[in-house]
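Labels run A, B, C and D following the written order; every chain starts at residue 1.
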Amino acid sequence: MNILKNLLFQLDRRIIYVAIALAVTIPLVFHFAVPLNPSPIVQSLFDAIEALPPESKVILSFDYGPSTLPENDPMAFAFARHLLTRNHRIYMMALWATGERNLDYTIEQVIEKEFPGKVYGVDYVKLGYKAGDEGLINTLFKNFKGMYTTDGHGTNINDIPMMKEITTLEDFDMILNVGSGRPGTKEWIQYAGDRGNIPIGGAVTAVEALLLYPYYPRQLKGLLGGLQGAAEYETALISKYPQFGITGRQAQVYMGPQAVAHCVILLLVILGNVSYFVGKRRK
Amino acid sequence: MSSLLSPLILSTPDFQYFALDKINLFVILILLVTAILFFILKARQGKRLYIRKIAGLEAVEEAVGRATEMGKSVLFVPGSRDLDDLQTIAGLSILGSVAKMTAQYEARLDVPVNRSLVMAAGQETVKEAYLAVGRPDLYKPEIVHYITDEQFGYVAALEGIMVRERPAACFYMGAFLAESLILAETGNSIGAIQIAGTAMPVQLPFFVAACDYTLIGEELFAAAAYLSQDRRMIGSLKGQDVGKVVAMSAIVIGSLLATLVALTGSSFVDSLFRAFIRLFALNY
Amino acid sequence: MTMWDMIVLWIGGAMTLMIFSFLYKDNPFYKFAEHLFVGVSAAFWMVKAIQTTMIPNMWAAIWPKSVTAILHAAQHTEPNYVRLIPLGLGLLLLSRLIPRIAWLSRWAMAVLIGFTSGTYLVRYLQSDFIAQIRSTIIPLVVVTPQGLDVTQSLLNCILVFGVLCALMYFFFSLEHRGVVGGISHAGIWVLMVAFGASFGYTVMARISLLIGRIDYLGQWLQSFGNIL
Amino acid sequence: MKKRIPLIIIFCVGTLFVLAIFLPFPPFPAMEGEVSVWFDILKGFAFVLGGGNLIRVTADKIRKGHPDRFYLWVTLVGFFGMLGVGLLQLGGPIASGGDFTTEGLWFRRIYDGIFAPCMAAIFSTLAFFVSSAAYRAFRAKNREATVLLVAAFVILLGRTPLGNSLTAWLPDFLSFLKIPWLFEKILMYPNTAGQRAILIGIALGIISNSLRLILGVERSYLGGERS
């Protein structure tokens, strides 16, 4: 009885902290993944990529920094898996200086590990970071190789087979942006998508996603909002390509702790209200 | 010479002396500035203007008084951004009023900051406040002290100060980022009276949830005027209200016109609506 | 993983735990981490300021030839003497160190405050005042080819009247009684919905941060396993 | 004199930057960018004041025999250690742009080992604070608090798979009670309304505060209301 009373009326903040720590740790340790059914806005981006003919040219832009890795990395991974499975060509670049590290990480973790048969320069290329923010998009729109005279490793751009047919942004079949702010999806829409009628797909943090809903579906083929969006995209990918059933669940694994932690917080709110009303009646 | 001054001489035929595409901005600017100036001048002539009570500011003196009674200190945090954010300057203005109270009550004031420029401006502010109420003897330059520019290093130090010094009153006035909730929850755990004010919309919910009083957005900028009871400053608040009337009427008229367009489809109303909306066009 | 990576990871894991220990209560470990972090981070930003601002934007701009050894790009640039102004202002600021002329530092401060007020005034007039009014001008009644869209019309009304009521709450020179009081009270409700919603919405981002840290501690623990 | 000149400076500089936006010819359009750089340079100078203050206040406490002497020494060692490592560029040069990510740099090792983990750890304690704040603040104490509670509850619920399945059985004509629908609409309408009113208010507050500063009506940072 005493324990119950303590739980109700004098819930020490440290008990709350322990509950949250466990709610995050346990699902993480046991890889408790939450499969989510793709919402229409996610599914439509997946379908758009599916609909591209093989060997389409797709830009994957890494426009996020270290503080949003848990949200953004799984999105980039899922895009890379999907594009390479469909035999598209990936052109990887970054509008953010801090994005280049994430670009390398995707090559290292996904492309080199899971797609050892794919050839650099033929199936994918690292163009890297260039300064200029949205101004860079503007310049690329007119003259792509004027900005990227070499790839990210310093190789002359004309020596790279998959760059042969590229002169402007309009030569690409789709632009995918993984981002967490400005410049990001909105700038890609304004400076490239709207002007050249190039399909744009976005994958952004939850906070950013709220601002992008108005662009869907006219200017934006689809949108992955936060971890939830990423997890939904993984579900779509795995249900079509079951080979990713083990490796392709980064966001789903992160969604497990999220879902449990949210439930714990909801329970705490209910508990707080119960104790408040019981306490009031006693008085 | 420099790239900044060299193109001063221009001889192109379409040379513009005024950005005509920003004429709407100019008109609205003149309107608002005139309104604010009008009320500042009116207040200077000695007319006392009514200002509603702001609960958070009423509580400031009470909080300082309580700290004095308990023999504890008053902690003031002027935000975590530099002097190039107007919220920081507004926070420092409030610090001026709070410092006057701590000087009068002989309460201990502690102002840790995370920017060197804010430290310099804060020291100036507190010194003058102590001088103004005739207690320069109580002023020590260490009242305002620098910690580190790093946002979370600053937060770590503030948490330490809170649990070790146990201030009875905590003021958070200025521009805050993610640290808002860390500070407010730590302050709550030591049982301090907490009064916050910020114009960072994302952080407001956290202050509202965890502090005793919160100045919401515009109230932060009004606080210095309210606390100082300076007539001209209060006059400017009345000028701001004219701005609100402008905003509200614009929204009402514009939305009614838009509704009429939707209902009637009349091309006359439509052109009227388009003309009206151009007033609020953005030409960056 | 090199030996250095390992050492860095160990220290990092230990620092993380020391910081987390504060959640239980203040203790010597937290105190140690806190004080070390303050010292290190203060110096970090100082070094960054010298490297990213003072040398390239001031020194190299005024005397480009003197820094070609560390800044190759400076070789071909002409001196930009406008940057003598911030140098002068900076020296004025340092007058604070000499009490007799400390008041000179106010001149530098005045330039900064003037700049902040001037730029903020027009920036907020554009992006927050005018732009927000513009986006709130929407039709209260939405008609589609299928007829009246009741739901959308209602939602639009909530948006427009919500903004109006909440604005009423900010009125300073009217007593919040009677009609004004009623409207401003409705405004408080609107603000409360906004606060509740954005609080709830941010929780996910905050939990993500903790997931990231616990993952990091997992790597840290694994590194012990590798050693054993 | 000591107070008048700063006021004149603020007036001139402030007015200049207000008018600059309406003057489309050089140097005005580029002025804001240039002066922002000056601001950064001044921050650099100010580090001498801030760093000096940190050292002085810490050393003073040590000298006076503060009980936390040991920790104050830790601050000083950390400060001078990092400063020395950065300025002497131990382990290799730091690039002029401030990029210090080259392998083997001591500056980078201290950043990775101490700075970054501490920063991330403190940032992540927010997950705990957000929960304890929710427990205390979201209580139906009065009508306003109830509104806050309900909005937060729906949004939290909408972020879990639970929320979706909880209301999935509702018939179509009650679809406006479904959590995903409510989630989206609360965020897009009443939430936007509240945020917009706050933003318009802030803009007016800033306009008026800037004007008070430019006109010298508000001058507490320079000392006193009257000179």
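As a working rule, contacts are C-beta pairs under 8 Å (C-beta built on N, C-alpha and C of every residue); 3 or more make two chains touch, one makes a residue touch a chain.
Everything quoted here is computed from the prediction, not taken from an experiment.
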**OP:** Name, by label, each chain that touches both members of the pair chain C and chain D.
**Re:** A, B
Subject >> Most contacted chain pair (by C-beta pair count) >> reply: C-D
Original post:
Which chain maximises the distance between its CA centroid and that of chain B?
Top reply: A
Subject >> Whole-Å separation of chain centres (CA-atom averages), chain B against chain C >> reply: 15
Subject >> Distance from chain C to chain A - Cα centre to Cα centre, in angstrom >> reply: 23
**OP:** Round to the nearest whole Å and give the separation of the Cα centres of chain A and chain B.
**Re:** 36
Original post:
In chain C, what residues contact two or more other chains?
Top reply: 19, 22-23, 31, 33-34, 37-42, 44-46, 82, 93, 96, 106, 109, 112-113, 115, 117, 120, 122, 125, 129, 133, 136, 160, 163, 167, 170, 191, 194-196, 198-199, 201-204, 207, 209-210, 212
Original post:
Which chain D residues sit where two or more other chains touch them?
Top reply: 18, 21, 34, 39, 42-43, 46-51, 54, 115, 118-119, 122-123, 125-128, 130, 132, 134, 136, 138, 148-149, 152-153, 156, 159, 187-188, 195, 198-202, 204, 206-207, 209-211, 213, 221-222
**OP:** Spell out, as numbers or ranges, the residues of chain A touching 2 or more other chains.
**Re:** 13, 17, 20-21, 24, 210, 228, 258, 261-262, 265
**OP:** Would you tell me which residues of chain A are touching chain D in their complex?
**Re:** 11, 13, 16-17, 19-21, 24, 34, 36, 67, 210, 213, 228, 258-259, 261-266, 268-269, 271-273, 276-277
**OP:** Name, in rising order, each residue of chain C that touches chain D in their complex.
**Re:** 4, 7-9, 11-13, 15-16, 19-20, 22-23, 31-58, 70-71, 82-83, 85-87, 89-91, 93-94, 96-97, 103, 106-115, 117-122, 124-125, 128-129, 132-133, 135-136, 151, 155, 158-163, 165-167, 169-170, 187-204, 206-207, 209-210, 212-213, 216
Original post:
Mind pulling up the chain D residues that touch chain B in the complex?
Top reply: 18, 21-27, 30-31, 34, 36, 39, 42-43, 46-51, 53-54, 57, 60, 115, 118-119, 122-123, 125-126, 129-130, 132-134, 136-138, 148, 195, 198-202, 204-213, 215, 217-218, 220-225
Subject >> Contacting residues of chain B [partner chain C, same complex] >> reply: 1-5, 24-25, 28-29, 32, 49-52, 83-86, 89, 117, 120-121, 124, 146-150, 152-154, 156-157, 159-160, 163-164, 201-202, 204-206, 208-209, 216-219, 222, 237-238, 240-241, 243-244, 247-248, 250-252, 254-256, 258-259, 261-263, 277, 280-282, 284
**OP:** Going by the contact rule at the top, pick out the chain A residues touching chain C in the complex.
**Re:** 14, 17, 20-21, 24-25, 28-29, 69-71, 205-207, 210, 226-228, 254, 257-258, 261-262, 265
